[in-house]
Amino acid sequence: MPLDTSTYSLALLRLDGRRWNELRRIHAQISTQAAADGSSYLEMGNTKILVSVTGPAEGRQAGQRGGAGSQAKVEVEINFAGFSGVERRKRKSDKRTNEMEHCLRSAFENVLLLHIYPHSTITLNIHIISQDGSLLAACINASTLALIDAGIPMSDYLVACTAASSASSSAADNASSDDPLLDLNNQEELELPFLTVGTLGESDNVAVCIMESRVRMERMEGMLAVGIEGCKRLRGILDGVVKGYGKRFG
Amino acid sequence: MPVSILPPSAPLPPRRDARDDDDSDVDMSDDDFPTSQTKSIVTPGEHITSDPQWMRGHGTYVPVGDSTIISTVAGHLHKTNKLLSVQPLRARYQPEIGDLVVGRIVSVQTKKWSVDIAAPMLANLPLSSINLPGGILRRRTAVDELNIRTFFSEGDLLVAEVQSLHQDNTASLHTRSLKYGKLRNGLFTSLTGAGGGILSRRGGVVRSRRQVFTLNTAAGEIDVVLGVNGYIFISKHITTNADPKEVGINRLDESVTETLYSSQNDEIEPAVMREITRVSTLIKGLVACGTKVDENMIVKVYEGAVELEAEEKSLGGVETGVGAKGVVETVLARLELEAGG
Amino acid sequence: MPREAEISLNEREFIKQALQEQIRLDGRAFDAFRPLELTFGDEYGVADVQLGKTRVIARISVDVTTPLPERKFDGIFQIVTEFSPMASPAFEVGRPTDAEVILSRILEKSIRRSNALDTESLCIIAGLKCFALRADVHIIDHDGGLIDAACIAVMAALQHFRRPDVLVEGEKATILSVREREPIPLSILHQPLCVTFSYFEDEVFLVDANLAEEQVRQGEVILTMNKHGEVCQIAKYGGATINPLALLNCTNVALQKVKEMTTFIQKRLEKDAKKRDAGGLLAELSAENAR
């Protein structure tokens, strides 16, 4: 179903009524599961994710004791609920999921201070309850919260969000007509070229950047800039969640 | 390129608003407690100070080529002289030498046991660090190695002390005291994530002078073992038939030898079982309320809960919240009143 | 499973220090590819790419099947990657490692998702018959830069490949053999190519790192672009953080590299075509008969 972009250029409002630089509603909770060392529940619009962290603990397989050298090993498992998408279908472990797991693992390996827990394993279990765009970004944000809840030291929040370029790639090539959008839902993701960008805390530095659609290279700059600013805003929101929790239980 | 990002504008749905309000009510009653830590917490990535006079401690880091101390966990800032450290709100138990822990045997190896003590790594309990039957000073023999499973086998619970720490923070335990050893006749409770650290969170076991104590109940005496790692064991108090003062140290050993490594429970009266579960539930309630768990608190709350039950029986219908948390809250509120009035 | 041999600490330090002094161990410039060699097989659709010591062979094969019910007007195109233990003892058949998953995902995103191949042209009769194209990527030798080499191999093989012509009469389709009709090339819409940047401390970006450099690097950015300046895919999975401006700069470097490689592939294709056309079509056919 083609996205009606004509109405967008008129009213500058997206299909769900947001402006171009507006985030979806975010609701986050931490310490949701009693049994896990750390857990979180995150809603970004209609994307809903539950993460539980186990560890640092002795690895599951006997003999294979944690990570190489003097670092803890990070394991990520993503589980899609059967009802999470529009179609109900089993997706066990396809390559896309593997890729996401790889991405989360290598992103968090650089954020967490793993040398504090040599030989141990930190396991992230991610349950995707509902998908509506920005899936990888939501996974990253939820995992960050769960890891904070588990008290695992990290150098800063790793936050991610998506940004798109609203003019289709076939349209005018000049970058001036470029119109970036922030935090996409599923419909927009299907229609527009977008990228997922993850930054480390308030800094501009990019930790994760994934783009899967074809776009003119001139548009990259605008998308990145919007994505990075979105991440900064998100960090503030997530920080508020952690602080609020700290007030309640501190 | 200046970009401003609008915050999500949609208000929270009413369902959640109601819940949040509910929670903030609890907040208020919690805030009535006089605590020294009402200030807000620091979170990962937060700059604590760039003053070079401070030293960085746990929970902080200094980026390369900078003197700014940055927090790495979400928790409270502690200042010890010139040392800055951040105590996480919740974290796995980090073993320290001298800690009294409750653990569970995970695997048996030739000369040692691996014990789960809720730390990042399994702890070791070497065969040489346990009390062998037949006297403290007996030499460890090859026969003991063969019979290693008769002392502890997989799944057994024990109380032990952290003797030493290895380089990778693996703990070595010992049970070379009559206070330590196999646990039986009772109930195991785990307070996940709440243990460890000094006042890591208001709920949780506190390192204190007395972590093993006996509680007097109507049905009899109950032993409570509070492991610093958040594992708790509550059992029926077994009186040793001989008075330790009268018997020599060797005789005492012999008298406990038979029961030392037994996995057989003694007979426990239903009334005692009831009290054991009551204590266990109350401890969970204490943690849910975010109150610290120590002897004093447990004794007070236990007495309060018994009183509450008696009232409920005679008057019928005392208003409490739901579950253990509700009961503990009611009891705590009453204690507050008493202290105030 | 034998683990990939890890580079020793002092080698690691050595490489890093050399890079600080703007030296790469093999003397290349930071933005230089290793010598690229591309040869085509006797058959159509076989490309053998050698990038330094890394060697990748891609082979395209075609089959006729029924199209997927949800995509009636499209042919089928799939890319299959295989890491054989021949390339490195760390590879094992039947158990995909992370690197293998990433390679196949990147190829998938770069070539298939970006619509480099016009799959509609593979359709014979809508909903009934279509060509199923399969690209097999074999890693023969592994010395880093697998993704770049594999992408070149697949793209070159696709451009080299000729599919048999078909004659459609109503509901009946006849596949014409090579003898009956000159096979026709695939319709390629654009030519995406991958450039992998490996970065180190102090924003040092290397193009086409070899295995040793890959083991020392702080992280990688895999960019796929075509010569028209379109970015088809970016993948930066974790790793150390980088400045966004450096990332944008990478796209500029990548564009230049992609242009160079596209012309290189084009030249080789022309050379190969000339060789094949030496005696005209008939001569080739008779040569095949003789065999």
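Order as written gives the chain letters A, B and C; numbering starts at 1 within each chain.
Here is the rule we go by: contacts are C-beta pairs under 8 Å (C-beta built on N, C-alpha and C of every residue); 3 or more make two chains touch, one makes a residue touch a chain.
Molecules present, by chain and UniProt name: A = Ribosomal RNA-processing protein 41; B = Exosome complex component N-terminal domain-containing protein; C = Exosome complex component RRP45.
Computed from a prediction, not measured in an experiment: that's the story for all the values here.
Colleague: Farthest from chain B in C-alpha centre terms, which chain would that be?
Modeller: C
Colleague: Please state which pair of chains has more C-beta contact pairs than any other pair.
Modeller: A-B
Colleague: Centroid from C-alpha atoms only, then distance chain B to chain C, rounded to Å. What do you get?
Modeller: Centres of chain B and chain C (C-alpha means) sit 57 Å apart.
Colleague: Could you tell me the distance, in whole angstrom, between the mean C-alpha positions of chain A and chain B?
Modeller: 34
Colleague: Approximately how many whole Å separate the CA-defined centres of chain A and chain C?
Modeller: Computed value for the inter-centroid distance: 29 Å.
Colleague: Could you list the positions in chain C whose residues touch two or more of the other chains?
Modeller: Within chain C, no residue contacts more than one other chain.
Colleague: Could you tell me which residues belong to chain A and also touch two or more other chains?
Modeller: 200, 221, 225
Colleague: Any idea which chain A residues touch chain C in the complex?
Modeller: Going through chain A, the ones touching chain C are 68, 95-96, 98-99, 102-110, 169, 195, 199-200, 203-218, 220-221, 224-225, 228.
Colleague: Can you tell me which positions in chain C touch chain A when the two form their complex?
Modeller: Within the complex, chain C contacts chain A at residues 6, 96, 98, 101-102, 104-105, 108-109, 113-115, 219, 221, 225, 229-244, 247-248, 251-252, 255.
Colleague: Using the touch definition up top, name the residues of chain B that touch chain A in the complex.
Modeller: 1, 3-10, 12, 16, 23, 26-27, 30, 37, 40-41, 43-45, 59, 61, 63, 70, 72-76, 88-92, 107, 120-122, 167-170, 192-193, 201-203, 290
Colleague: Name, in rising order, each residue of chain A that touches chain B in their complex.
Modeller: Answer in residue numbers: 19, 21-27, 31, 34-38, 55-58, 62, 70, 72, 113, 117-120, 148-157, 182, 200-202, 221-222, 225-226, 229-230, 232-233, 235, 237, 239, 242-243, 245-250.
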